[in-house]
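First chain A sits with chain B, and in the next complex the same chain sits with chain C.
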Partner chain A sequence: MMTKARYERPLIKKLESNMPNKFGMRTEFEPVTQIDGVSVASLMADYGSPVFVLSEQKIRSKYKAARQAFETRYPRVQFAWSYKTNYLSAVCNVFHQEGSWAEVVSGFEYDKAIRHGVDGANIIFNGPDKTEADLRKAITNNSLIHIDHLDELYMIQEIARETKQKPKVAIRVNMDTGIYPMWDRFGFNYENGQAWDALNKIMFSGLLDLVGLHTHIGTFMLSPNAYAIAASKLANLAQRVQQKYGHEVKYIDMGGGFSSRNTLKGAYLPGTDTNPSIDDFAEAITSALMNSDYRPKTPPLLILETGRALIDEAGYLLGSVIANKRLSDGRRATVLDVGVNLLFTSFWYDHKITPAQEFTSYTEDTVLYGPLCMNIDVVRENISLPLLNKGDKIVIHHVGAYNMTQWMQFITLRPNVVMIDMDGKPHLIRKNESIDSIENLEEIPPHLSHFEL
Partner chain B sequence: MITDKTRLMFPQFGQSVLNSYTQVFFAKNKWMALMLVAVSLIDLNAGLSGMLAVVIANTAAYLIGLNREQIINGFYGFNPLLVGLGYGISFQPGLSFFIILIFISLLTLFASILLAGLLSKYGLPYLSLPFLVGFWILTLSSRSINQLELSEGGIYFLNELFNLGGFTLLQIHSWFEQLQWPDIFKLYFRSLGAIFFQPHLFVGIVIAASLLIWSRLALLLSFTGFVGAYLFYLVVGASLNDLTYSYIGFNYILTAIAIGGFFVIPSAYAFLWVIISIPLLAFLQIAAGSILAPLQLGVLSLPFNLVVISFLFVFRFRERYFDKPALVYIQQFHPEKNLYSSLINNRRLAHLERIPVKLPFWGFWKVTQAFDGEHTHKDAWRFAWDFEFVDESGKAYKNEGYQISDYFCYGKPVLSPASGYVMEVINEVDDNAIGDMNLRQNWGNSIVISHGEGLFSQLSHLQKGSILVHKGQYVEQGTQLANCGNSGRSPYPHLHFQFQTSSVVGAHTLSYPFAAYLTRNDDLRFHSSDQPKLNDLVSNQLVDDTLNKALHFIPGQTLKFELTDEEQPEIIEWEVKTDIFNQSFLHCRQTNSKAWFGSNSDLFYFIRFEGNKSSLLYDVFLGAYQLVTGSNPGLTIQEQITLSEFPNTGLRILQDFLSPFYRFLNIRYEATQLKIKQGIGDSRIAFNTQVYFEVNGKTLSSRKYAITFEAGEIVRFEIEKDNKHQILNRV
Partner chain C sequence: MKIRNNIAVSDNGFVFNPASGESFTVNQVGLDILNMLRKGEKQEAIVQELSEKYQADTAVIERDLLDFEAMVKQYHLHQNED
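Showing the complex of A and B:
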């Protein structure tokens, strides 16, 4: 059967006569027409546009690769799923099925983990804002509380004294690992002695069970060596506690922050080529621990709270072209139905974006705008894409982390989220919002209930 | 103080006397002992004389300060007993009789010690040689002692019977004598009686009954030995007179029990050796008879002693590994018990005599070449393994696998398999490109570690420059030695591992097992003292803190449980104790039951049980018979329990008779670890265990148990048997 040839608008391109560079003429628009065997077109037909798609198979294989990277290098490893990265219940449960514990940073996330059926003893409670009620609940459930500041420490001691329970605690330690910016707003500092001071307070009080040490040195880290420094500093603290109190710290929690395959804004080379792999981080952390002086009878459990590196690549955002236009300076602009309201991470990354249908090899530089009536709504400031028409479909890659937790209900409503299972069958895991989901929460005072124009 | 001591001493003294009687047949059994004592007293004079000899010898041994355990076992008493019996039969009692008895007992005791000293260094028993020494010296010297009067007991046996038991006993005796049994049976029983110097049918039958009570196999063996001798005499045409007149046939009986069931694990091979012993005994007996005849000394048990000792010596000289028949190493004074426990424990407790070696890596690795492998594990180097790491899909590399760094195992830590000294280090061979091989330095970068006792391990093809240890360094099990690499004869990264007999790189390999590991092929399996096979996915098991702590019993510790039955809750207490052999056991004071247990880093297991089988401790013995100390939810282990624990006595007796040839009974133990709650220091782990008593593969009865561990303790033990549900809660 004959199909009608696609219309592509005419393109005038300046002939570049300078030296060919080593990156050649390649563009990144190789079309992605299916995800795990399900066609992008059918996904958008069934679930609308835009739509988030998660690949269960990618999540599991990423997780297994990460576990493999650590478990072949260190005998006792435990992952804890970082809820803030993506706390959709289906996603969390995939990780819990794989054996991950839960790492939460608020009372809300804590309750969500409990609702998912995670045993209290397998929840790590991080974060600077834990209310007294949160703490009481966590202590009763035998959860692992990572203390962020002295005020929290005092509160926990107060509760312990009152309820005669012995909470299981760790302290969060911040430190100089040679990277900039140094994260020193969470936990206790290593270099100035705050951390050691807090450990002494815990050990002297006798009210708390110091089970671990925690650090989280930064986010989207590009230097594995920083983790090696952090691991040896934590091991050093553990060893000092053992020496002074004869008390064995049972685990060392290295937090997360491993980079995914995304490309940071301003990076010269694509992240897929330059970002360290999970093996690089594993090698740095485990060899630092193995070479440390902390040698209890059984090696301490190594806990990892990595989120982004495990889920980013499993997430896709599918959208459509609303319009093409030309800006005042002559640049091409494309308006999508996907904007920063859904793609919060476009503030951080130059997301990889590919068309979902075949094109000729001609491309044009364009600005990608979202649908919002706001100037900040820019998805990509400059991207070379084929000649898109209204209604064409695009796939935004590596969006699994943070977008489904930091998205905004702003101007538009949040779309469907779909997960493709191991057999290639899509499941709706979060329904799109309707006007009711917004208005049901609202209340109108009687005197504002009607008006005439 | 004194009362305490005597309270302990009297039962022990009683035991030592009774055991001295049963030791004649290599047994330790109270009922058998009482029957033997009774039978010995039929000739009152001889019986008392024998008992007195035992008492004198054991008391002397105690006062001299000989090993207490040996005295209690009756090792020093049975030879004086035999001398005393023989002496009592031969001579009339009187003052000089008793004086001589005292000293001849002492003489026999000393002969026992002397012979023990001479023979034990060759691992040989002294059997009844001291009796021969004592009795011959007595016989020879008594001729010059005028005060001793020959006894008429042997001659007027009926009179004595009448004196002892009146007309009734006489009637019993004559009834037995008139029995129309085939000669061979009569002779057999008389020969049995002759062991106690009373070659009478009645005595023989009582002794045979006592053998039956103690051990079915011993009875079967004794009969086999005797019938064999009878047939041999008939076939070769030797004078049956020897057997019929002097009842010397007991040599065949005792030899059969010794060779077929006591020093050797009963088996068809053991029976074969019993048959072999018969002609030798006959030659020795005839030969010894002609040598000793001029001296007017009896041959007595000389052939038995010589044959058994020479057989054992021959067995110990075996160099080729062929343990048929196998010697008994842990003597339980019971042929069936020795057999049943060796059937299971040779495999189950094999790790006890081995150096505990673990796999030299973390995580599950795949065996890509095993023993007699297709590539390089051949001839003198056939006992070796190659390990590679593969992912879930079975691939050993990522990307295309053109770079050595694509291989998952490349650069991964390689650990010391056991503690030991680093003997050799090669650290300067370059890693090959994929597909290339360095045939000149074929072992590549290697480490050899000495684990002691002639056991060395070699790890090869390591990454260049990754070796963290130096020659002469002592390393603990699990220390990182180097990284997995691709040096030497290695076309793609893998770890070569072998046990070997010397410290030279590339020495001849040795077949040696790993202490414990898990395989994850189709399902998760636990292996103790085993060797990985080709394509196995293997890993060390990670020991769980809670299980490890809960199953680490400290001597002196008391385990207290509350039994919640329908009636009044009851407190049950078990104490952890150790005996002089450094064996630990749980002791239930109320029922005086003991359950011996052992453990290593991967396993906890019970070894044996002694005492009241209706006690709750017996259920703990069965229910926690073997537990793996790692956290492996879903893991099921199967084990067998020694058939001595089979509850149906009738079936077990039948099985005892057939045991060396055919076993239709089985006790199967199965333990499954349930899904666990795991946390930091407060894991909760549960096991469901079951014991099946099977006849011909069909379950006759079973018992179910559920054991729960939490926070480093056993918190709950549930028992389900005979439609009864009992729960023990830790208090």
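Showing the complex of A and C:
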């Protein structure tokens, strides 16, 4: 019997040579059929579609590369895992196994770090919202409290006075580093003297142990030089404290905000080609610190709260094609079972998306929609993709940061999350939600428990 | 539907419309369909022929054919049926 040829849906595409268009060039040349040696098809068969997949191997290698970038340039370096970036326990523990402290921004995250077994002294407590109970706990545990505003400073002083404990504190400093927007909503401003004022208040009170200085200048930063400016300004504050009070701050915390390899919406070139590497950031920060006038007996510990740059590339979101449609203007639209409810970062990035099965050289300018019955659910507004059919599988890349914390239980339920270990074995690290996981939290008042239609 | 007589279709899927100066590419299945449309073949016959040549359900082929024909119309490559 004659075997039939492989079917590809018919395509007619207008040739527009030399005409720039927003769909850009073709970017996918090879299907992604496996992740760390595990086939995409088997992952989806075992754990469903959609499914988040994390590569333990990638997390560790990114962490090691980042540590090396800083440690080869500066003698004392400590990373603290930014919980808000991805606080799945398995993920946090990979970082803690590698030696990362915990960096938390809420009582919930603080408790999570404690549950993971992180010593209180290795928890950095950031953020504008720390309740009195949170602060009491953090003070008792000897955690490093980064003060965001004066109200918090006064509350800590009051607890210190009452409990006769000496809390370990730093202040968060915001500043002009030449980038826009300037993040001046967190911490105390450098240029207008707020930061210096807060440091004087701490030193004069004698109630608190000023151990560090902290800044976090922005997110998805594309300019390493901004970090150099920030490091110089923090070092300058440290030097002034040393000069005036003979007190040495033990650490400089440069926060996070390093860009990953994702491509920001509106960028002309892919992030993989244009975004600075971790070495660029390391060079800028460590040079600025070493070139500063701050000269304590031992160099201050350099703390980094890098999140996104360490986890983004370790995360994949696997999904399937639900349907193909044609829009009124002739554009191809493809509906996926993955939407903005799971892929929050599609509001910021043009995510790289690759089919997980063989395809031909033909591509189509496509709009990718998610499954939600909501107009905002657009995964990619313009992408040149090989021809996809209903049921085809796709891999969305660089989704490890923020999606598994900012995802929404909206319209659909959150899916399984799987981590592939160092030996290529997949483990379920977060079970998919069921209707019970949502409804168990609800209460129906007796008078609303029955109805007739 | 029939495509206009002056539309040039090469064997490797290059399509040229001399009236507008526009050119297009089609993949193999698209090329098969264009050639059958040129011969004036009807929808049912095209679906039948494609399902004999390719590994696909007739329902899928029919759906894709309708979509393809709509694009041919959108690009003004079809003959107006008066």
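One rule holds in what follows: the second predicted complex is superposed on the first by the 436 of 453 C-alpha atoms of A that agree within 3 Å, B and C clash if a C-alpha of one lies under 4 Å from a C-alpha of the other, contacts with A are read in each partner's own complex, and residues count from 1 in each chain.
The criterion applied here is as follows: a residue touches a chain if its C-beta (ideal position, glycine included) is under 8 Å from a C-beta of that chain, and two chains touch if they have at least 3 such contacts.
No experiment lies behind these values; they were computed from the predicted model shown.
For the composite obtained by superposing both complexes on chain A, the positions of chain B and chain C are free of clash and fit together. Of the two partner chains, neither chain B nor chain C is touched by A:V418. In the superposed model, A:I59 lies in contact with neither chain B nor chain C. Looking at the superposition, the partner that touches the larger set of chain A residues, chain B or chain C, turns out to be B. Residue contacts after overlaying the shared chain place A:I311 against neither chain B nor chain C. Looking at the shared chain after the overlay, A:V51 reaches neither chain B nor chain C.
In the superposed pair of complexes, A:L11 makes contact with chain C only, with no contact to chain B.
In the overlay built on the shared chain, the residue A:N142 is in contact with chain B alone; chain C does not reach it. After overlaying the two complexes on the shared chain, residue contacts for A:G330 are found with chain C alone; chain B is out of touch. Our summary of the superposed model lists a minimum C-alpha distance of 37 Å between chain B and chain C.
Those residues of chain B that touch chain A in the complex are listed here as 361-363, 389, 391-392, 408-409, 411-413, 478, 480, 542-543, 545, 677-682.
Those residues of chain C that touch chain A in the shared complex are 15, 22-30, 32-34, 50, 52-56, 60-61, 64-65, 67-68, 70-72, 74-75. Looking at the complex, you find that chain A touches chain C at residues 3-15, 324, 326, 330, 360, 362, 387, 389. Those residues of chain A that touch chain B in the shared complex are 61, 64-65, 68, 71-76, 119, 121-122, 142, 144, 168, 209, 211-212, 250-251, 283, 286, 290, 298, 301.
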